[in-house]
Amino acid sequence: MSVAAVARKELRQLSRDPRSLMVLVVLPAVMTLLFGTVLSLDVRHVPISVVDRDGTASSRALVAALTSGEYFELTGHAASESELDALLLAGKVTVALVVPRGFERSLVTGGRPAVRAVVDGSNATSAQTALGYLEQYVTDFGARVEGERPEPLLSARLRVLFNPELASDRFLLPGLMAMILMVSATIATALSIVKERESGTMEQLRVSPLSAAQVVLGKAMPYSMLSLLAAVLVMATAWLAFGLVVRGSLLLLLLLAGLFVVGAQGLGLVISSVTRSQQVAFQLASYSTMLPSFIISGFVFPLRSMPRALQLLSAVLPVRYFISGLRGVVLKGAGLAAIWPEVTALALFATTMLGLAIWRLHRSEL
Amino acid sequence: MSASTASPASIPAITVQRLTRRFGDLLAVDSVSFEAHRGEILCFLGPNGAGKSTLIRMLCGLLAPTSGTARVAGADVVAEPDEVKRRIGYMSQRFSLYGELRASDNLELYGALYGLSGRRLEERLDRVVSLTHLGDRLGHRVDALAGGFRQRLALACALLHEPEVVFLDEPTGGVDPVMRRAFFQLIDDLAASGVCILLTTHFLDEAEYCHEVVIVSGGRLVAQGTPTELKESLAGQVLVEVRSDRPGAALAALAAVPELIQVELFGVGVHARAVPGVSPDEALALVARTLGRAGIPCSPPEAAAPTLEDVFLNLVGREEPTR
Amino acid sequence: MTEPAMTLTDARLSFGSHPALDGMSFHVRTGEMFGLVGPDGAGKTTAVRTMLGLLPLDGGTVRVLGRDPARRDRELKEAVGYLSQRFTLYGDLTVDENVEFFGDIHRVKDLRARRERLLGFTRLGRFRRWRADRLSGGMQKKLALACTLVHTPRVLFLDEPTTGVDPVSRRELWGLLSELVLSGLSVLLTTPYLDEAERCGRVALVRAGRTLACDTPAALRASRRGTVMEVVCAPVRRARDLLLQSPRVGEVQVFGDRIHLFPRAPDDALTDLVAGLAGVSVSAVRRVQPSLEDVFIWRVAEAGP
């Protein structure tokens, strides 16, 4: 079969090019490891200083509860509020806490004591997060102290499903994996057809009985296999290095990944069939995958908070569907019944891209 | 003895003695010695990879030899390479022109590179433009000019600083025969004015335009002489040309004759070379007789003049398998 | 008379405003080695591409084995072989693998046997496990030729097959091509080398998208009627200047160590003129045939601007 002949040739060429193989199969896993370690919206070891005006067992317990975990790190007790101000200004602490006099008494007698916190807002995101932690801790503390009393210090109680610690890495990892795979898969095939054009072998193929479909499919096959292998390595890395356990079906995961990489490579082949030089193909592949994957796919920034136009644009990105499907299967243990829209979208993308690549190749002049 | 059109004194413009260059294990140029005079057109003929480019680069002062000496335009290539560069003109294979600039811009640029300015530059520009007949194309962008014009422009740029010695590296790749002839006319005029011209080529028929031909192969100088002298070296081996409607049969019949070697198909006929010692008449008769006996109809055999390709192939037998 | 293997009739094709083919016409007979000869920009590669169905014509017709190649029908593709000017090999695959690939995409039956024959024919058997990019230019061309022949085509297009190839490999390549033609293959090859044109059965001289002349090399050379005298002498320039002073001399072409003399009157051998050149030593005089280059230049001049 001619498609097999093309696939065999591509595989042979790839096996003689260890650098490309590394980039295609191993690099994604390495990138996942690197970026996964660094990428986290969590804020840890936030330096905090306390002025404890009360000096009671309760106030000490509060401070202890706050700083016993990983989130806050007590740099020391301050003597006065102006000292706190100085510390904040100098950037030595991010949060300053003041426990007022009469804190314990108020607690015990059923009052509603308040603690005051000042947060360095120059890094808005981490400031907000720190504030959030603070509120959570204080609420918890209040609940524990009260024991049976039903009224909480805070009016709302939050119950977080699926990701109780709100560990951002779990949230971010699927997006990271998707982006890395998209970029590498697209670039791999983006160069494939153009290279043949540059070297002159494409002309020979055109003159042979080989059809455009046979060329495209023959090229897509080996690359897809290798990219799927890369995807498996990425997920293994996520599991080994970050403890990301897949709640749902591994098979479904593979299906998602498979459809996704085929689509990405289809896109790469389309790019390859419309560009004239490897340089341009590479740039086009990079720009068309990296930025959209990062910004409008739901990787970091939630889709719903984006302007309508961008939301519409993200509807044609396969990354968006892959991320949402991935999160579903990995974090929520969703089955096919829940994520069939994503599966369908990815399948649609894959077929459209391959079809487009075939059509472009068929019609292109040399 | 070369039939050079010598100017008043036959001064050697280039003297090369046992010039050698190694790249690791590879002996790119192997102990080459020769001389070239003012007013002479010397051709370095050889296939790609024979060492021509390496040799030229050494003579231009761009590459240091491993051993041996060479003097070009009075300067020693080893001791004074920069002086050599100042005295020679060089036209490269790809013409080294700036496509987006106009012809006149390129000329001015090269003039400036060689330190020409003011009145001197003006004079030289006029001189060079008239020599190469570029007059009406000066204002055109180079990439809009046809190959022949670009060739002349590249030559003009190389001649601006009035060099005594000019190197032309594969100057006529793919150019129109009409333009090529005009180009060689130019070269000839240049030589007449006393310039020593050294050109390299792998087009065997270009060597015909040169006074002296040096055949290079595998880094070594394998033959030297005028085109006629070189062809006469094969005089002892008659080349017979015969046309036939049944070239395959003719080939088979003639290949069986022991006095005929190198029998090959050629066009609608056969070329056969007789062994040394067979006279032209004998050779022709032999061919006619052989074909007649085999009942193969053919045209009367003729003695074909040997070409430089024949000379070359006679000297360099085997094919190189690797780069 | 059997139908020609390939024909191009009054072909016209422009790229934008530039006419690449401007009424070019010629035909190639079955079992013939045909040369399309002309400088860069003459339209040789364009003509070949048209005959392969890669470029559609603006005007005129093209036929290969009686069919229109623009239709791109499968049967025709199987019958046609093409060796393009650029290297059409996979450098990172071995000799064996290259032939295998092209054999596979043409669905050649009994590929192994065919490959053995081809490698034997091109004498590449020894290098079968070598990567193609390690071979010399000449060997790569032979490999490319083998890949082109794997599916036993009836018609072969070779675009400048000997450009950049050293003379030894060039002759070997020509030997192979001659054998192929003998076995019945119709071959069209393009070349800028006029001396190569001599090796073809018939030749079309082309320039600026048009055919200047089309005939056997011998007939073409004979068409430039009249004597050409070759005079080996020195100093060459002086001889030329003196000869040009005579009204009997039509043209003088200077070569390195001799001149070609074209008398105005076809039968005037100019022997007395040559003998009487002052200050010139003449070592040989003989009548020669005009070269194809002479014919080409003459035709160009005749065709006008």
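Letters are used for the chains, namely A, B and C, taken in the order the chains are written, and counting of residues starts over at 1 for each.
Everything below uses one rule, namely that contacts are C-beta pairs under 8 Å (C-beta built on N, C-alpha and C of every residue); 3 or more make two chains touch, one makes a residue touch a chain.
Just so you know, these numbers come straight off a predicted model, no measurement behind them.
Student: Taking each chain's centre as the average of its Cα atoms, which is closest to the average over all protein Cα atoms shown?
Tutor: Chain C is the most central one.
Student: With centres defined by CA atoms only, which chain is the most remote from subunit C?
Tutor: With centres defined by C-alpha atoms, farthest from subunit C sits A.
Student: Quick check: how many Å separate the C-alpha centres of subunit B and subunit C?
Tutor: Going by mean C-alpha positions, subunit B sits 21 Å from subunit C.
Student: Please compute the C-alpha centroid of subunit A, do the same for subunit C, then give the distance between them in whole Å.
Tutor: Going by mean C-alpha positions, subunit A sits 61 Å from subunit C.
Student: What's the distance between the Cα centroids of subunit A and subunit B, rounded to whole Å?
Tutor: About 65 Å, centre to centre.
Student: Send over the residues of subunit A in touch with two or more other chains.
Tutor: none
Student: Please name which positions on subunit B make contact with subunit C in the complex.
Tutor: 3, 5, 41, 43, 47-50, 146-147, 174-179, 181, 185, 188, 192, 202-205, 207-213, 226-229, 243, 247-248, 264-268, 305, 307, 309, 312-313, 316-323
Student: Name, in rising order, each residue of subunit C that touches subunit A in their complex.
Tutor: Residues of subunit C touching subunit A: 49, 52, 54-55, 74, 77-78, 80, 82, 84-93, 97, 101-102, 104-107, 131, 147.
Student: Where on subunit C does subunit B make contact in their complex?
Tutor: Answer in residue numbers: 33, 39-41, 126-127, 134-139, 164, 166-169, 171-172, 174-175, 178-179, 181-182, 192-195, 198-201, 207, 216-218, 232, 234-237, 253-258, 283-284, 288, 293, 296-297, 300.
Student: Which residues of subunit A touch subunit C in the complex?
Tutor: Checking each residue of subunit A against subunit C gives 2, 4-6, 8-9, 12-13, 16-17, 199-201, 203-210, 214, 365-366.
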